[in-house]
Each structure stands twice: as structure tokens, then as C-alpha cells.
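One chain, chain A, appears in both complexes that follow, with chain B as partner in the first and chain C in the second.
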Partner chain A sequence: MIQRIRTIALHTFKESVREKVLYNLIIFALLLIGSAVLFASISLGIERIMLINLGLSSIAVFGLLMAIFIGIGLVSKEIDRRTIHNILSKPVRRFEFIIGKYLGLLLTLVVNTTIMTGGFYIALYYVQRHLAGEDALLLETIYFIFLQFAIVVGLALFFSCISTPILSAFFTFCLYVAGNFLADIRWFGRESGSVIFEKVTALLYYILPNFSNFQVISQSAHGKAVPSYMLTAGSLYALLYVTIVISASILIFEEREF
Partner chain B sequence: MNQGSKTTCRIRPDGWLWWLLLAAGLLALWRTQRTIDSNSGWREAHDGTLYFTSGKTLRALSLGHGGLLADIYWTRAVQYFGRKQIAYAKHYNLLAPLLRITTELDPHLLIAYRFGAIFLAEKPPEGAGEPEQALQLVRRGIVANPGYWRFWQDLGFIYYWDLKNYKMAARAFKTGSEQPGAMVWMKAMAATITAQGGEFRTSRLLWSEIYRQAETDAIRRSVLAHLAALRADEDIRELNALVARFRKQCGREPRSLGSLVQAGYLKAIPVDPSGVPYVLGRDGTVTVGAESKIDRNLLSESSSSPGSPF
Partner chain C sequence: MLAIEIIELTKDYGVGFWRKRPRRALERLSLEVEAGEVFGLLGPNGAGKTTTLKILLGLVFPTVGTARLFERDAHDISAHQKVGYLPENPSFYDRLTAKEFMTYAASLFGLSDKARSCRITLLLEQVGLSDSVNLPIRKFSKGMIQRLGIAQALINDPDLIFLDEPMSGLDPVGRREVRNIILQLKEKGKTIFFSTHILSDAETLCDRVAILDHGRLQGCGELREILEMGLSNTEIVLEKPSPDTIVALESFASSVVRTGDRVRLELRAGSDLAKVLAQIVRCNAKLISLNPVRMSLEDYFMERVGNSDGLSSRRGATAGMESRRNE
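Right after this comes the complex of A and B.
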């Protein structure tokens, strides 16, 4: 089973790497990270802070775009090309296909995030002329950004199983935006005075992916390390959410007829 | 096959017309743009627009990238301040809102509070001349960053230098000195201001401390200008006292500072920190010479306003 999942994952990785849009996004992200050096020069006293904010935001935004635009085509492309019949006619179980697809795209994002992180550290070295111990703490923030990618890829894969690529992209993006406003949504529910509305918003708060759990860029720009309990809790949250989304994707995919 | 694929580049007989139109069009476009640029004064007269007035709303809309937006708004505030300062503007209407939005987006961007307060408190054209806004900004900084004692130093500085409220300045330095990690001199500063009610010596202490902490050459240059003006203020006060003594003892007005030298009140005509001799004005008060490089805007009112008695 592991061998089959590995084969699908590697195949998905190779397929993703061939996407030209991926290279455009990486180049654009690296350019933006590099331009932080220039932006910082027209400000006052925030060279390092601006480089970290702009660099990490670039990694987060472009990684998110990669996760969405490649993730939405993972399953639907196989269905459109009818290659799904070839794959499923082989001794490959459907859940292996879904997990393999997910891990393949995750591997693509690991490689891309590593490249962008490299570019970010080169820019940081250029500004500071050295790399200090506290700069290593930024890897924790990048790890948190990556956890967001892991959830977004899961969501994109889930929607890819039930909808068209365009609608999948739309739904994934909407969930990402909503996931950033969950605390406000819950607050609206509490302030509304309606018990039902309060219960509904509380339910949404726990069901939808809470991306604000992973927002630590601003803090890390001020040299604050992510607390160890947050690292553990954040990792656990992402793992649980990915498990739920992948399970739901498998359930839907198992029932689909081609 | 190869012969067939060979192409030659020739201009058609009527091609010159299009080339002419292209060149003339570009020339006319350049000329039109220059005309627009030369008449764009009405645009610069407009201060700019803030599409969002709440940093908290912007932070919510930033999807977790509030820090980056804060950097952009801080840069915008710095650029706005610089542009206004170059233009010797008397009003900096957008400065306080820009700084408020910046610090609401990132309440831990310490530099925005500290330098922002300097921008707001300085008298025009060096700054916005809004020390009350500067106080508000620093107070917000204290609330958001309670462990950062330097804000109390900034608060004391604004009370001392811009509002001349020595009682509040001393109180701010004292409260700051009680914060964890505060430097010992904060306590000394509070004690000195309380005892002396704001003298040049204390002011020099403040500026020297700021010079020591300055992180950019621009700030250091500004502090040196303030220190030179402070020295000139002190000299002018002493010279005005001598002029008053001369007037009382000799029963006449001195014609110049040379009269004080001749009468033995001075060994020679003193020079200001930029090396230019002080002069006695027609109104009978001492001031810096016309060639002096001392920034007159930084001189205290008693030194710069001609009619004020000492």
C-alpha cells in the first residue's frame, strides 16, 4: 500500500513540477522578496522588520496560490482526461489515490517553500551582512505558513473531488478568507443577542479551518519566538484538520462513478 | 527549401508616412505630458486621501498580513513627513492619522511611536507642531507595550521641550525610572527637572542622551543642530544680561557688542557654535549673525523674537 501511495505521490510531484505557472509564481515571489531590500531603503528604521514581513508574506501568499491552483486540478484533471480509468483499473485503491495525490502536492509545496525560504534568507543576509541565531526562529514561522498550505491543499483536493476547477478555487479561497475571520464571526454571533445565531456561529468557529491560529508573521518580525505549546497545538490542529478533509475527500471519491 | 524561407526586410513605398506619424505622435505625446506635469500644482496642493481611517479594520482585512501593511503605512508616513518638510509646510494634516493607522495595524512597531512622536511634536516646518497628538501617540504606545520604558522618556521629553510643562515632564521621567530595565539616568533626569524647573543644562542632558541612542545619521544631525541652538540660546542669554548691565552702569545704549568689549565687559566679541560672531540688533537684544549656520527655528523664543526682554 505504501509503495503504491509513494508512486502516485511521486507521479503527482513530477506532474506539478511541469506546470509553468509554478515557475512564474516562484520567480515572482523571489523578486518580491528581493525587492523588500529596496522598499526598506525608502522607509526609516524598519529594514529588518520590513524584509521579514514582506518576505514571509510573499512566501505565504504565493504558496497559497500554488496550493489552490495546483490543488484544484488534482482529481478533476484526471477525470477530464479520463486517465482516472487507467489508474483505477490497476490494483490501486481509491483512498490510496487520494492520499498519494495529496502527498504529491505537499511534496511540491515543500520544495517550493524551501526555494522561497532560501531566497528569503539570502535577502536577509544581504541586509544584515550576517545571520544571527534569532534568524533561525523565523523557520518556525515558515513552518506555520506551511501548515496553512497543508490545510489549503486538503481543502482544494476535497473540492476537486466534488466540483469543477473554477468552483473549487472559488470555494477554497472563500474558506481561506472565512478562516481568517472566525473570531469576528463568533463575536458577531455573541453580540447579535440571538441564541440560534450564537450557536450557529460557534459551530462555524469549530468546523471551519481557523487560519488565524497560524498568523505569527508580525510577531516574528519583532523577534518573538512562537511558544512551544503553540507549535505543538498548531501542528496537532493542522494534522487533525487535514485528516478530516482527506477522510471526507476519500468518502466522496469512493462513492463517485466514472 | 532554404531559399523559400529567406525573408528580406524592406520598407514599403508608403511606409515613410507611418514612420512619420509614429515619430510625430511620440514627440507630441512627450510635449503633452510635459504640459500636464507643469500644470500639476493643483494635485500637489491636495494632501492625499486616506481610504481607510481605521487600522483595526485594515488589520482584519489583511488576512494575517497586518505587519506588512503597518510597514507600508509607516513608510507612507515617513515619505509624507519628508515631502512636507522639504516644502516647508505649516500643516501636516495626514501625519497623525497615518501614524495612528500604522500603530493600530502593528501595535508593537516601536519605531513608529518614537520617531512619529518627534515628527508630530517638532515646530513647523521641522515638524507638525502637534505635541498633544504626539503625547496621544506615545500614550497608546505605553498601553500596547507596557514593558517598554523608553516611551516614558519620550513622554517626558515632549512635556519638557515642546510643552514646557516641567512638572509633567518630571512625573513622566519618574514613572519611567520605575519601569523594569529603566536606565539610572531617568531618575536623575526626573530629579533635575523637578529641582531646576527646566534649565539649559538639563536640556543638553536630554539631547545628548538622544544623540547616544540615535540609530540613523539623520537623527544625529538633527540632535547636533538642537545642541548648537541650545548653546547659542545660553550664550545669548548671558550676552543680553551683559548688555542690560552695560545700559544700567553706563546710562546709554551700546552701539554694538564692540562697545561691551571696549568697556571691558567682554574680552572679545563671542562667536556662536558655527563660528560666526553674535550681533547686537537694532532693538538692543543680542542675536545670531546673518551668516550664522544656527537653525533660527530651533532657537528659543527669547533668543529669536526681537522684542522679547530677557
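Right after this comes the complex of A and C.
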């Protein structure tokens, strides 16, 4: 089982890293990180804050685009192109296929995030002329960004099992946006005065992925480390959410006919 | 030992926006294929051939009935360990090379590195792709993809091979090569189950055939038996016969076809051949040939499908055969 999941994951990785659009996105991300140097140079006294804010936001945005762009095609493309017939006719369980696909894309994002992180640290070194110990703490922020990617890929995979790539992209993006404003949505529900609306928004608050848990870029830019309880809680939350989403994807996929 | 056992298989697909209207793709299909047989599943487009294959491969769930491979449920993946499958119009991963894709397929069967490497080299050579090992699949022609499909179907040295329209997209040379591969596999005692609407392929390769139309089994039997069913008809070819000769012979013939200087007459079943020959001598016509007409699989197919329920199936069958003629 492990061997088959590994094979599918490695193959997914091989396929994904050869996507030309992926290279374009990485180049754009690196260009944006590079341009952060320019903005930092005209921001007297707050060069570092400016660079960290822009650089890490670039990693978050482009990583998100990559996660959605590749994630939505993970399963639907296999179904459309009927490559899935070939794979599932072999001794491969359907859940092995889904887990392998997910891990393959996650591996792709690890590599891409590592490249973008490399670019970011080069830019940081260029601005500061040195790298200090506190700069290493930024890796925690990047880890938090990566946890968001892990959830987004899970969502994209889930929608990819039930919908077309375009709709999958739309739903995933909507959930990402909604997940960033869950606290506001809940507050809005409380203030509305409607019991039903309050209950609906409360339900959404608990069901939808709460991406605001992972928003630590500004905090890091001001030199504040991510508290260890947040690191643990964030990791467990992402793990739990991904497990639920992947399990739901597997349940749907087990019933699908090709 | 039975390689394939299909018992009372029925499949309904849901159609419409809510998929509530059922469309029956297979109706109480029962079939048995012995190990070592080459079995052809024939039928016009939409007859239920691919649905049958997909159920056997666990890609589609039956509404009612059972499908077994080597006495195991078709959805039990351990049954797939010794199964190879070539899908209809196969499509593979564009960005991988042929070797990478074959490695992927081999890894899913758990082949060791050494066995994998030997098998890949051997198979790619066997299907004539040894020069394209490192070429990305997106640069492959349709015929090359079909060959790659056959190679990957054999990667695990399967005992049972499912081929869905294996000759489609191949040129005459490629078709002959695939035929030879199938015959080689047969010699090795492999079971081959293939669906096709190209009847000459089935005629050349199959030990037994089943004919499907509108999801129903129209006939199943050993090819020999089917083909020996209609040995009684006789065909006569005459060169430059006079109009009087043709008029004289017309009463014996079920069909008269003129092609250039020659006229081909197919005699009615039970016609007295001695009288016909005497008539030809009397008219002083030049006899080119006199042959017993064997019922072809095409005739059998048309007879079965044509009898099932009329025009739509006849059209499908004709379309299938026309596509064969065009190839």
C-alpha cells in the first residue's frame, strides 16, 4: 500500500513540476520578491518590514495560485483524459490513488515554496547585507503559509472529485476568501439580530477552514516570533482539516464510476 | 479454470440532470471465458462492450449481477495483479516519457527494479518503440500511443489481458503486428478478452465470440461452429455472359452483381447445382469460378444484430463495418 501511494505521489510530482505555468508562477513570485528590494530601498527605516511583508505575501499568493491551479486538475484531468482507467485497472485501491495524488502535489508545493523561500532570503540578505538569527524565525511564518497551501490543495482535490476544473477553482478560491474572514462573518451574524442568520454564520465558522489562524506575516515583519502553542495548534488544525477533507474526497471517489 | 465469469450482469446508468432516469447499458448478461481462450466481444457502438469491460476491471459497479476474474470478485484488487488492460483510444501522461510511464505502470504492480528494467526494454522493443524510449508521450502519434498502451498492458506479464478495440488507430502494418502479439500471447496460454467492432480481427484471432446489441447477448459460441453454419451457399462468377444467360440463371440466384465484365451470382440455398452448370454450358458462358460461400462472422453478426430489433442496431453495425472498410 505504502509503495503504491509513494509511486503515485512521485509520479504526480513528476507530472506537476513539468507544468510550464508553474515555472511562470515561480518566476513571477521571484520577480515580485526581487521588486520588494526596490520598495524596501525607498522605505527609509522600515526596509526590513517592507521586504518581509511583500516577500512573504508574494510567497503566500503565488503558492496559493499554484495549489489551486494544479490541485483542481488532480483528479478531474485524470477522469477527462481517461488516464484513470489505466491506473484503477491495476492493483491500486481508490484511496491509495487519492492519497498519492495529494502527497504528490504537496511535494511539488514543498519544492516550489523552498525555491521561493530561497529567493526571499537572498533578497533579505541583499537588503540587510547579513542574515541574523531572528531571520530564521521567518521560517515559522513560511511554515504557516505552507499549512494554508496544504488545506487549499485538500479543498481543490475534494472539488476536483466532484466538479469541473473551473468550478473547482471557483469553489476553492471562494472558500479561501471566506476562510480569511470567518471571524468577521460570525460577528456579522451576531450583529444581524436574526437567530437563524447567527446560527448559520456560527455553523460556517466551525465548518469552513479558518485561514485567519495562519495570518502571522505582519507579526513576523515586526520581529515577533510565532508562539509555540500557535505552531502546535495550527499544525494540528491543518492536519485535522486535511484529514477530514481527504476522507470526504475518498468517500466520494469510492462511489464514482469512470 | 474460468478466467472470467459473468453472471446475470445488469447495468443501468442514470441520465438527465439529476441522473434519475435509468438507461440500461447491460441486460442480464452471462458469459464464461475459460483460461487460455481468445474471446471476442462484438457489437455495434453503444452495445455495452466497454461497460462490460469496465465492470470487469472495477471501474463501474454493476446494478445487479456478479463479475469474477479467476474466481475472485472483479472489484477485489488482488484479482487485478495478473490482469492487463488496454483502454479504448488510450491516453497517457503527456509530460512523461515512454520509459517513465512504463516505470510508473510497473511500480504499481510492485515489480523489482531489475525485473522492471528488463520488462520495459523487452516490451518497448516488442511493440516497436525502442527508438522512442525517452520521447515525451505528447510527441507520440496515435499509433505509437496504441503500441505504448499494449506494452503497458503487458508490463506485469498478465494471465488475462483485456483489450478494448486494440486495432483502433493503427495502420495495416501496426494491425498485423498487434495481431501477431495477440497470437504470441495465445501461444503462451494467456487469456485474451477483447472488444471490437472490426469483425475481420475477431475472425482471425478469436476462439469464441459473443455478440452484444443494446446490452443484450445476441449469441455466443465457438467461432468454428458459427462459421460452419452456412456452408451450403454457392457463388458463381461468369465472364461476359450474354443477357440471355443472366435471365436464364436469375431464377437460381439470390443475388446477381455485375462488376465490369464479370457477373457474380449467389445461388439460392437448395438450388440444383447440376442444372445451373448445365444451363451455363448450354448458353456457352465462360465460367471463371465456382465456390462454396462460407458464412462470415460479418454475416452472422448482421443476422444476429439485424434480428434483435431493427434499424438502429443495423445502422450501428453497418457503421462499424463501414469504419473497417475505410481503415
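By our rule, the second predicted complex is superposed on the first by the 258 of 258 C-alpha atoms of A that agree within 3 Å, B and C clash if a C-alpha of one lies under 4 Å from a C-alpha of the other, contacts with A are read in each partner's own complex, and residues count from 1 in each chain.
As a convention for this text, contacts are C-beta pairs under 8 Å (C-beta built on N, C-alpha and C of every residue); 3 or more make two chains touch, one makes a residue touch a chain.
Because the structure is predicted, anything quoted here is derived from the model rather than measured.
Participant: For the three-chain model obtained by superposing on chain A, do chain B and chain C clash or fit?
Facilitator: Once both complexes are aligned on chain A, chain B and chain C fit side by side.
Participant: Thinking of the overlay built on chain A, is A:54 touched by chain B (first), by chain C (second), by both, or by neither?
Facilitator: The first partner, chain B, only.
Participant: Could you say whether A:90 touches chain B, chain C, both of them, or neither, answering first, second, both or neither?
Facilitator: It touches chain C, and chain B stays clear.
Participant: Kindly classify A:222 by the partners it touches after superposition: chain B alone (first), chain C alone (second), both, or neither?
Facilitator: first
Participant: Is A:4 touching anything from chain B or chain C once the two structures are fitted on A? First, second, both or neither.
Facilitator: The second partner, chain C, only.
Participant: Scan A:211 for contacts with chain B and chain C and give back first, second, both or neither.
Facilitator: A:211 contacts chain B only, not chain C.
Participant: With the C-alpha centre of chain A at the apex, what angle separates the C-alpha centres of chain B and chain C, reported to the nearest 10°?
Facilitator: Placing chain A at the corner, the angle measures out to 150 degrees.
Participant: Touch check for A:235: first (chain B), second (chain C), both, or neither?
Facilitator: neither
Participant: Touching A:180, do we find chain B (first), chain C (second), both, or neither?
Facilitator: first
Participant: Look at the superposition and give the distance in whole angstrom between the closest pair of CA atoms, one from chain B and one from chain C.
Facilitator: Result, nearest C-alpha distance in the overlay: 24 Å.
Participant: Looking at chain A, which of its residues have contacts with both chain B and chain C?
Facilitator: Touching chain B in the first complex and chain C in the second, no residue of chain A appears in both lists.
Participant: Under the definition above, what is the set of chain C residues touching chain A in their complex?
Facilitator: The touching residues are 54, 57-61, 77-78, 80-81, 83, 85, 87, 89-93, 95-96, 100, 104-105, 107-110, 152, 156, 162.
Participant: Chain C touches which residues of chain A in the complex?
Facilitator: 3-4, 7-8, 11, 14-15, 18-19, 81-83, 85-93, 257-258
Participant: In the complex, go through chain B and note every residue touching chain A.
Facilitator: Residue positions touching the partner: 60, 63-68, 70-71, 74-75, 78-79, 106, 108-109, 111, 115, 215-216, 218.
Participant: For the complex, give me every residue of chain A touching chain B.
Facilitator: My answer: residues 39, 42-46, 49-50, 53-54, 57, 60-61, 176-177, 180-181, 184, 211-212, 214-215, 217-219, 221-222.
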